[in-house]
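Some structures are shown below for you to check.
Shared between the two complexes below is subunit A, which pairs with subunit B and subunit C, respectively.
Presenting the complex of A and B:
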């Protein structure tokens, strides 16, 4: 055993550190398309204090540290580009407390979406959190770290907007509290009325610290949920449809999708509208408002509500939606990757046309998906391609298509979501130079040895 | 051979104008009814071309052998008047496109056609079907395409139906038990009217069930329940088979409640209306229909069409009325449920 391995074993115990080939192989990659790179060590800590010791060791030895949730971002954010220590957070998977009346929860940094969902269903059936459409193993901390979105994003913004406090191990090893919890026992605000320091961590992909606790807003969980799908064959009308829908403030979530297969979806754009209610009356009132809001599109025959049969609803209402995994296997071989820039909803028509152009150019199976963020304030548009992992040529075509998406997204005013390292470089190049310098100052001051997830948000 | 032609002279001499006077979704008087239908026949515009909800009812209301619904449908298509939003129309046309994913059971001279309604793969079983199953046909390749009348698109029917008949022809089947009124109506009347040869004898499944129940004889026990029957729009395409509803009910000892919305006065299940006209009309029609069942003391609502079942079963159940398909009602009577 190397000295480093021994030191890590002293911190977390022998069972929770490894430099064996099979584990280094596994931790070298994510399910996306980016090339793997092996770490030197993998460690699975259980406490913030253990992480503190790991980070101090790494700082002493100038070894990179890469924090990892479930590793599902698909954009290579947990691939240890310069080797070092991957800190797998999965053992820190506990719900530490729920403040029912103030509607927030505090969880450990490796707590999964699935665990929190089942915990709330069992113990606090009137509360819920914003569940993303990623597998249930995705972690809360990683999701807010990448500014993820979920089923409540249309109402309350990015999932990171729902953070009510953080505990972070800084690159220097200090354990630091962010938000009201820094001077109060209560985790009700991540910033206001104090200076909001959460921005030093959220969106940085672990390049400025490791999140060990997250406070997260919870929301009323209504007794009933339902879904309607409004379809139109005119992509140029989608922004107007969204504008009318968001004006009602009656929807739980709005997601738009278009894809050529199965044939039922061909040629149309499907505005999936989720609604909730504690009573039939509440639900029907909301449905009435929604249908009324789109009546003009129906009268002009430009759009209409498709018949969502009862048998279809469980799939649509599932949280997270598992239909993504079916799409991933359209080409067999289980490959799926998307680029999901954040941009204005009015860009929907051109995004969907670009997606069709790229799928035709590279002969790829595709799906377009727009998740509305806030009351139409912006959207995540997912340019998604499916591929066969046993077909290198197809994988290469997907890479090329996604590369074109990156250029295109910037050109039309978009901002990369969970950007790959290459996209981060592109973003930094185009960024206001003063903003870029500010980011550089932050990174250099917080992480002078450059040990935290190196390669990410590195300003030259 | 049945002709679907509309005779303008016949219409002008109609004493009742029933086609539109009896329409449950438009308010039209006798004279206006005739005027509007003649206008439509002469290729002029009419509010009827905009307001018709495609319930097929007028096809049955007209007792003079004219075909008002087909006239309205053809004229809408000629004028490019959509019944539903374009996206919905295209979606349904795509759904019915053959993809080579059909299923065919044992090929025999007599087979059951499920159209492409997957519910029948589960529902068609037991002693009632033991003399024909597992000889069945399922999939778009055997789909009658009549649903496109709701979308004023007879072209797609005329385009696809000959291919469907070819597919049946390859099976060398002599008799086909049609599990849906649209299939029966298509094979028994629409296809011949369009000049398309039907290479088998279509049998309505109500007739089949009735005969099977009689064959099973003493094995049938009276159910002694009160039921409402949800008659589908497509039953208007073969009104001569509607008597089997009462015939079957009598055989299985069921009291078919005398309610307002039954027989010729039946109401649509509402879901086509929802797509065509929006939620208000659909909700109103569904509410009136279900209230009517409740008011008349129905314990069960018997469905014929799987689409009606999907549209109404859960709503009916909320009132305490048990939804049941005709097949299951018959199975219950022979002790299989």
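Presenting the complex of A and C:
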């Protein structure tokens, strides 16, 4: 074993460090389309103190450190672009505490979405968190780190908006608490009324520290859930439909999808409306409000509610929605990737036209999905293309299509979500120069040796 | 390689690692090693890399492939249409390594022992029937059922007790059966799982020929592994027999009071063996027996039935120990799960599981708190 391997083994135990070819191969890549780059070491720590020691070692030896949750962002954020140590967080997967009345939970930095869902259902059946549609192995910390969204995003904003506190190992190795927990035993606020320092970490993809604990808001879990789908073939009306729906404040979540198959779906925009209630009366009241809000579109024959077959409802109501993952195998090849810029809902029509244009230009299977964020404050529009890993030409066409999406998204006022390194560079180039300099100052001051997930958010 | 057409189709979504409610990681090798490379998805990506010559056949690669317990949790929980073939794919990759002659020494030794001795313990075939000494069991001679014991039940000291309990209870219930004695040889289930398809075929053909020669139509197995081989694999080789796990025979007999039982007060949790449960969907018969014993209270572990956590002995690991020991070894995790129920007894219906969990109980120093008993042994305690 090399000196570094020995040092890492002393920290995490010999069984949880590897520099074997098999781990280096696997951890060099994510399920997306970006080129791999091998780490030098992979470690699977169990405590924040172990991570602290790893980071201090990395600082001494000037070795990069790349934290990894489930690696499902698909945009290469966990690919160790300059080698170094990949820190797989998934062994830190405990729920540390729930404050039922104050509706928040504290979890370790590798806790999966699935584990928290299961834990709450079993122990706190009146509470829930905002579950994304990424697979259940996706971690809470990585999801808030990338400003992920979930089933409660339409009501409460990005999942990162729901953070109530953080524990972070800084690039210098200190274990730092962010929010009310920095001076109180309680994790009720990540900032207010203090300066909100969570912005030094959220959205930085691990370039400013490793999240080892997350406090997260929980919300009432109603006894019943249901879903309706409003369909229109006029993409230009989707923003108005969303405006009316969000005005009701009656929905749990709103997602709009479009896809070419089956054929009866082609050209249509499926506004999927999730509703909850503690009683049938509550649910029916909400449904009536929703239907009334869209009555004008039905009267003008611009849309209508499709009959959702009972057999289809469990698929739609599933959390996380496993059917989303199945999109990866449409081409029998285990792959899909999407670019999901955050932008105004009024951009929906042009996004959907662009998606169809690109799928036609590059001959690709596609799916469009808009997740409404807040009361129509913005949306994530996913330009998603499926591909076959055994077909390099198809993979290349998807890369080209996504590259065009990146340019297009910026042109129409969008901001990249979980940006690839290339997109980060594009964003930094267009960014207000004072903002860019501020980011540079933050990064240089927090991580003077440049060891934390290098390549990401690097201002030249 | 067989199943090569699906090897590139894994998305690394990770559903394969979980229980259906996501409450815990349920892949024994991932739970033990915690590197993605030891998960079903990791194996798929590495097999593809190996086929593409991006990685070599190393000791680590072999450990990754052969530490799979073939428990089929991934088959149960993978969301893709190729899920049914995941274990088949891993077995096919093992077969490739076997064919190339580059496999872990414990796997090599196991296969050699089976080939030479007809059992993994290098014990003489003439000693095979010794387990039955002192029982009323007779040699098969046209009885309704053949009771097939298998290598573990025939030679392993702990498992021999289970075999005797099963034999005695079935005889007491009036089931017409006979044993092969020294003519019995390995069923080949683990040989197949370890990828030695030639040896498996040879064992299976030999067994099928013998069963046919003796006029066997119905087989009762002690071991779910043998049950799986006879039920799932032998028909493809011309061996069509009505095959039962012994719990499937006992359950109706006990429920109908054909075997009267006295009260036996105990709290019991049941561990589903993978080759009876997930591989063959038999979850109810063992539970019916336990629930029919007066005084027995059955308490389920959180991870039960389709979500049962494997003891780590499947896929040949019972013999090769490639999954290895330690605090996070699957058998120790499983006994801790059993302990959480508050039960006094872990009931099993597989001699391999019994051994794995016995060992784990000792390692966890739980012998005083948690007893590992086969269902037939519990029934024996309740016999008047």
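By definition in this document, the second predicted complex is superposed on the first by the 460 of 460 C-alpha atoms of A that agree within 3 Å, B and C clash if a C-alpha of one lies under 4 Å from a C-alpha of the other, contacts with A are read in each partner's own complex, and residues count from 1 in each chain.
Just so it is clear, a residue touches a chain if its C-beta (ideal position, glycine included) is under 8 Å from a C-beta of that chain, and two chains touch if they have at least 3 such contacts.
This one's a predicted model, so the numbers in the text were calculated from it and none came from an experiment.
Aligning the shared subunit A places subunit B and subunit C next to each other free of steric conflict.
In the superposed pair of complexes, A:16 makes contact with subunit C only, with no contact to subunit B.
Once the two structures are superposed, subunit B and subunit C can be ranked by residues of subunit A touched, with C on top.
Residue contacts after overlaying the shared chain place A:310 against subunit B, while subunit C stays out of touching range. Legend: residue contacts after superposition of the two complexes on their common chain; A:191 is shown touching neither subunit B nor subunit C. In the superposition on chain A, A:295 makes contact with subunit B only, not with subunit C.
Shared-chain residue A:266: touches subunit B; no touch with subunit C. Once the two complexes are overlaid on the shared chain, A:199 sits clear of subunit B and of subunit C alike.
Of the two partner chains, subunit C is the only one that A:333 touches; subunit B does not reach it. In the composite built from the two structures, the nearest CA pair linking subunit B and subunit C is 18 Å apart.
Considering their complex, residues 82, 84-88, 90-91, 94-95, 97, 99, 271, 274-275, 278-279, 310-311, 313-314 of subunit B touch subunit A.
Residues 15-16, 18, 20-23, 25-27, 30-31, 42, 44, 70-72, 88, 90-91, 112-115, 117-119, 121-122, 135-137, 322, 325-326, 328-329, 332-336, 388-390 of subunit A are the ones that touch subunit C when the two sit in their complex. On the subunit C side of its complex with subunit A, the touching residues are 8-15, 17-18, 21-24, 33-37, 42, 45-46, 49, 54-56, 58, 60-61, 64, 79-82, 326.
Across the interface of their complex, subunit B is touched by residues 231-233, 263-269, 287-288, 291, 295, 297-298, 301-307, 309-311 of subunit A.
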